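Chains here go by letter, A, B, C and D, matching the order in which they are written, and residues are numbered from 1 within each.
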Amino acid sequence: MGVLHEECGVFGIYSPKRTQLADLAYCALSALQHRGQESAGIAVNDDGVITSVRDVGLVSEVFTTDRLKSLGEGNIAVGHVRYSTTGSDSRRNAQPLRINHYKGQLALAHNGNLTNAHILRRELESMGSIFHSTTDTEVIAYIIVQERLRARSIEDAVAAAMDRLDGAYSLVLSSPSKLIAARDPHGFRPLCMGAMPDGVTVFASESCALDAIGAEFIRDLLPGEIITVGEDGIAVDTSHCGRFPQTLCAFEYIYFARPDSVMDGCSVHTARQRAGRILAREHPAEADVIIGVPDSGLDAAIGYARESGIPYGLGFVKNKYIGRTFIAPEQAMRERNVSIKLNPIRATVEGKRVVLIDDSIVRGTTSRRIVSLLRKAGAREIHMRISAPPFISACYYGTDIDSPETLIANRHSVEEIAALIGVDSLGYLPVERVRNLPEHTCGLCTACFDRNYPTAIPEKAAKGRFEYKIHANREEL
Amino acid sequence: MGVLHEECGVFGIYSPKRTQLADLAYCALSALQHRGQESAGIAVNDDGVITSVRDVGLVSEVFTTDRLKSLGEGNIAVGHVRYSTTGSDSRRNAQPLRINHYKGQLALAHNGNLTNAHILRRELESMGSIFHSTTDTEVIAYIIVQERLRARSIEDAVAAAMDRLDGAYSLVLSSPSKLIAARDPHGFRPLCMGAMPDGVTVFASESCALDAIGAEFIRDLLPGEIITVGEDGIAVDTSHCGRFPQTLCAFEYIYFARPDSVMDGCSVHTARQRAGRILAREHPAEADVIIGVPDSGLDAAIGYARESGIPYGLGFVKNKYIGRTFIAPEQAMRERNVSIKLNPIRATVEGKRVVLIDDSIVRGTTSRRIVSLLRKAGAREIHMRISAPPFISACYYGTDIDSPETLIANRHSVEEIAALIGVDSLGYLPVERVRNLPEHTCGLCTACFDRNYPTAIPEKAAKGRFEYKIHANREEL
Amino acid sequence: MGVLHEECGVFGIYSPKRTQLADLAYCALSALQHRGQESAGIAVNDDGVITSVRDVGLVSEVFTTDRLKSLGEGNIAVGHVRYSTTGSDSRRNAQPLRINHYKGQLALAHNGNLTNAHILRRELESMGSIFHSTTDTEVIAYIIVQERLRARSIEDAVAAAMDRLDGAYSLVLSSPSKLIAARDPHGFRPLCMGAMPDGVTVFASESCALDAIGAEFIRDLLPGEIITVGEDGIAVDTSHCGRFPQTLCAFEYIYFARPDSVMDGCSVHTARQRAGRILAREHPAEADVIIGVPDSGLDAAIGYARESGIPYGLGFVKNKYIGRTFIAPEQAMRERNVSIKLNPIRATVEGKRVVLIDDSIVRGTTSRRIVSLLRKAGAREIHMRISAPPFISACYYGTDIDSPETLIANRHSVEEIAALIGVDSLGYLPVERVRNLPEHTCGLCTACFDRNYPTAIPEKAAKGRFEYKIHANREEL
Amino acid sequence: MGVLHEECGVFGIYSPKRTQLADLAYCALSALQHRGQESAGIAVNDDGVITSVRDVGLVSEVFTTDRLKSLGEGNIAVGHVRYSTTGSDSRRNAQPLRINHYKGQLALAHNGNLTNAHILRRELESMGSIFHSTTDTEVIAYIIVQERLRARSIEDAVAAAMDRLDGAYSLVLSSPSKLIAARDPHGFRPLCMGAMPDGVTVFASESCALDAIGAEFIRDLLPGEIITVGEDGIAVDTSHCGRFPQTLCAFEYIYFARPDSVMDGCSVHTARQRAGRILAREHPAEADVIIGVPDSGLDAAIGYARESGIPYGLGFVKNKYIGRTFIAPEQAMRERNVSIKLNPIRATVEGKRVVLIDDSIVRGTTSRRIVSLLRKAGAREIHMRISAPPFISACYYGTDIDSPETLIANRHSVEEIAALIGVDSLGYLPVERVRNLPEHTCGLCTACFDRNYPTAIPEKAAKGRFEYKIHANREEL
């Protein structure tokens, strides 16, 4: 029942021979759709001429058959999905960003959030640069283009730009003749590489996108790594690697990523199951059935069930036809306790002591409603377990978290929260156990749980200057 | 992974005081959306004047805020969803059917299929009647209007009409001042009644629609029962009840209905879980994990897991953003073994002996693909279990089954099918156990499994005369 | 600046060899678009199977390339355009009406208004017939289908039906193998026949539709004539001819028809020019320039100029980009005297004595605004001349005139109207001169000017029963 | 029957008190729609925060009620319409351009074409600037922003920028607190100023836009003039005036502008009428009727008729329902001589000697078709007169003319052209008489007729670099 939003998913593909790449990009972006439903875009590079389609909407809405065809053939394609906000200006911020500069056209797709974007932007503006969008991506593009003026090659320009960029970024970039992928030195956001027949190389935010196009997973990019694919093959630049300990966003495992993805060597599904197992040991419960809130609570529920020996059950039916366009009529919603989006299966919970697993509690409103639905369906006891620690602090690395004041965990103790949402007991994943979610302990960023920010954090005021956060429709239920 | 299509879902609501009913109908139809995604409609009766909106599309697509508002207030509303076909004429067949006759306007919503529709239609046409659509519903409307000429009341006309209608029908009908619900004497299709505050009465194909609007479930209609709601309260006519043994469509439990619905006294989820338990006893397997094909195989998988003691696992991620509009680009689909819609979770199946539960095998193509995906993800053995018996015969009661010649079970033995789809073993639910799926043995129609048709069946040729079956897009994967 | 609405335009085409007819129907309907902008439809008959597309919108909006293609090939096509109203139910009333009856499918397109529709409908309903729409067309279809039960052929059924239909109708009808065109015995609405190479026969409301498809104009149908085209060639039935003196709607010449059409032997443009000449003789004016209100006042203005010797000038620019979708923002419209749709050319009128020709004054609002625009543009004197007599009575033959109470000519003398709209003088076409508009005096219906109704007129109350007149957006300016 | 395309229309409005300005901008842009039908945009500046909506389509298509409302209130609004091309990238080039720079946000609307854009662009790119669009407008924005770094005020930055910009430009610009309008020192493109109550000031490409919102015409901007409106009132900067003789584009009078506009002191309608009078004197004809090709040939036809004494007649009906979306079905178009868009009025031309006035002959295809239609309608003789001289050379100032090689006048003599299009005689406006079209001889640019370019012209190759001319749909008939 998560309600946080990751900012993006990126994709890139290089084919030695000119071919139809838009279809593959379309399939890959469809598999990354969970990372962003606001807008989608694909740019195809045909011998230096970039054709792109970007618009507000789901991948399947933006890319009609005609629009896919209009992209034509090429050697390189870059794709992007962006998270869900509202407003007419979201079209302007759609990616990939296509720009014209001295040496030709570039297409740039970016996932993450710079922490020094406002400083770089002010610097660029003071020298006469103009900005069309409110995204960090345009800042990155400027820095790369500036560096390109003195660099020997586009990949050197990217490397030089990385010395000036702080924060989280996974980039995929098409120059006139090369495809470049780069991951920030902290490794905040995932980025992996795959291979297809005929020497085709692909990059994607998650491995599930490789599966979707039948590509073979090769490996994750190292934090700080730059990989360049071109006529001369694949070149790797690790000069930015090892500068910092890796701090992959813990929420990628807990909520953002698709469970069938494997990220920095660890299956997301397994990490979530492990969260359930840890919860079963740390917060056991006398219960008859373990259920998860669909979809992101299901993996942990299975883990809890296996560890505790208590049977796993299907607790809810989620209405899969209720999409972004669904607006519950006001009157009906206000007057009655409706369950249009999520309905409990009475046969599973009636008369039972239930352990209910969810991935987070943000403001508490959604959880209170779910609990109330379960009570109405006859659940005798409800023991809620959360497969993450309590949120207490803001994220500066690309996750759209509510301001700390609205987070329930910042204003109430666990006992109070349990009372507020109406459960018999409540247990969170202990913050010190988050590092155990992936098998091979890759370093994780847990700043939103413990305020241990791996970088200097930007002054607060600055952030809002060109980033308009929109919190409408955050609560899904 | 079911690919059969039920023809419809119906809804009706009566409020003693004039109010906004379209919003409630909208929520209820959203909960019935799984019963039909082709078209949706709502008709609101305001003191004898019926305003209606019907169109091709999902409920959330057809009913924009403006269109919902345009329906205004009233005392009665009738709603309908229809199954997915293609073509410009589907708009003409959208329901509720609104007709003008001697005594005023009627709105009629129908789920099911008459077996004597073509005879009645030929009879009516030979007397000069004209038909605008190709639906049985228009035949029913004509018969009711004809009977209305001599009947004392609209409910008597419905009762008289029922003497002439053969086959499957669950009806909801608005006359100028009454809401009438009727279920055919065999009880092929479900229909239940609910209550809301202020004397509001509702009818719906499934109880999940009552949950969606916060209505209390009262009871299922008896096979043959007619219930009339009007100014004088609720009148029940059971004069057609008991004429035949009940034969509720077995596929309602196996695939059509939502698992959170309760139908003729039995939870759909429980019936499916029981199918899994039966499979575990009838077709046990040495395995490490039990997985279901989402969404309709999950309930039975849990049943199999519980009965066998083998752990239940999450086998697949289904891409929830791939809707009706998604068209997989041809080239990508043809050239590679893609898994855009359904991707196995490697962590669950790699190196494991897997029991895979699905609800049906129609032509075998889909199953073969799923099995191949699992093999690629590392499954060591795959034991497929189907929570229904093999299909061998056509349905004349409202289910769109392929012609018998294309059904794999009609052309191959179980062993052959196992070989064709590539599994290590295959087991179906024994046909004699279907009757055990609901707790309280209500009679079930199992004609598509055993050719025991509960009614005379129409001559084959006649059927196609005004019903164009469209099989495009039947295979979901 | 007319604001009356004709109800329809009809088109039919028969080709001895099966071919693509939808494209020709599309072009012809585009030329008839001025007769109806609410909805458009084409039905193509391919060996008895009728495929149709009908929807709300302009011809060019309804018929996308895909939809045109979906109509396929055939031997017969029937097309229709309908006048502009609003509301979701207009889709239900779109034509051609496609019906299924005992002998196969029919497609029917109709222009006009029956005066005994409500009587026929009540009669049909009392025998159990049901109606889906609120149009006269469905009544006509029923009568034809009823007569078909006893008639020897479809054309005989049409002939028998015509004995029961009163009022105005020009029909085009496709039976499984024939195309039939029929015009009511009064000849209220126009209908003409044309020919194309390869034995193709076409019918259309106006000759401009023949021009649009390169067909040769053959002749107008006689009032009461039925023409049947089929495998056996063309058959003419004149058994209903000569029953009444011809009474073609005078407003066809004055406003409805396109000036390039020729109707019952007379050029529409010439008739309008003649109206201008008559006005110049009956209501001369001392003036410097003659201008017309675009578009329907221009022909008469040229006639007035030629007769009077005063120069003709371009008085206004009409904004051709302001279509049906244009909604003038309220605030701007209310607060200022805007001229978005029609702007005077100051160079033409400044300091001049102007004769301003329009085709009608309905309520006076529009005329007052136009006069005020001219004054603001510097016109010294404005002498308004109307190329029709004053409206004083309702039309029952297919023209949507405001109720008599709202007609300015019913409540005020010519002098009062002149004062109300702010002109220096005002002159109408004398009612006795209307018959002189066409060269060869064909009989005209002038009932809306002089209450000489050529048929019995229906009781008033009855009319509204199933016809909902919508007057929104009537004033174009 | 002109087929040239002007590139844009601009609009700006300043209100001392914050109010709803989008509605007025919408009405004004509707009146400027003839100057560009590709895309439309409005940017509203509310205390330094700019909200904008820009999209592909007509003003009435882009600005739904919701989108207009979304623009909110403000003190300044800038609007733009752009000419008709096709392709997905046209959205990227839509204006007003909204940019963020050091001192805040700017919105810029531009009509014209720079002759040194490619040089400026290369210069900017070589310093690291990146471009998102292919328009000159982005170059202008960059130059202004660069100058702003050292200028005292935004108006000084505009003035400094004008020293670097060569070619044609009429600009309207909103800074955080000021509205600035500027016209290039040659005065290639029109720009005028108007006033409304409450101290509201407006700027528009043509005076018809002032009429549309009820604004009073004040005066045209001088070539080179910069007018700034802000809290301190109106400031005029004429420092760039008088540098060159005025060279307003002659085609503004001949074809681009609306006849109700007054431009640099001369009525467009009068100028066109005068062209007709000159033609009557220079190329008299023995004829019975004078007709014009709608819409732009009508004014000159009236002039020719008045000068020659031969009656003016309505020669054609133009189908006003055939919009941009109309695509004539191929088969119908190819196989027959259709007249869907333009149909002759036979009554006007049959048996007559006709003088036919049009504004231009580009490739000759359209003229040949029109002539053929007239012949078919019975015209005995056709004497064609063109209200402009022959095109022989390219335009670099914002008019999209075909490459010289395709211009018929470049490859054939007048006699040959007459023969090719099938007329009995042909006469063009003598090039030396173009200067007489406006009453008060303002200087005109006639380079496309006589190659007298008022500026240095850019090297040919450079032009195509970032400007993609699209000639599809150029021939309207």
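What we mean here is this: contacts are C-beta pairs under 8 Å (C-beta built on N, C-alpha and C of every residue); 3 or more make two chains touch, one makes a residue touch a chain.
Fair warning: this is a prediction, and the values are worked out from it, not measured in the lab.
Within the contact network of the assembly, the step distance from chain B to chain D comes to 2. Ranking every chain by how far its Cα centroid lies from the centroid of chain D, the top place goes to B. Remark: chain A and chain C have CA centroids separated by 60 Å (rounded to whole angstrom). Each chain gets one centre point, the mean of its Cα atoms, and the points for chain B and chain C are 47 Å apart.
Centre-to-centre, using mean CA coordinates, chain A is 36 Å away from chain B.
Chain C has no residue in contact with two or more other chains. Those residues of chain D whose C-beta lies close enough to touch chain C in the complex are 20, 22-24, 26-27, 30-31, 33-34, 37, 58-61, 65, 68, 196, 208, 211-214, 258-260, 262, 267, 269-270, 295, 298-299, 302, 305-306, 311-314, 316-317, 319-323, 325-332, 336-340, 343-348.
Within the complex formed with chain A, the residues of chain D that make contact are 51-53, 67, 70, 87-89, 97-102, 106, 122, 125-132, 134, 141-142, 145-146, 148-149, 466.
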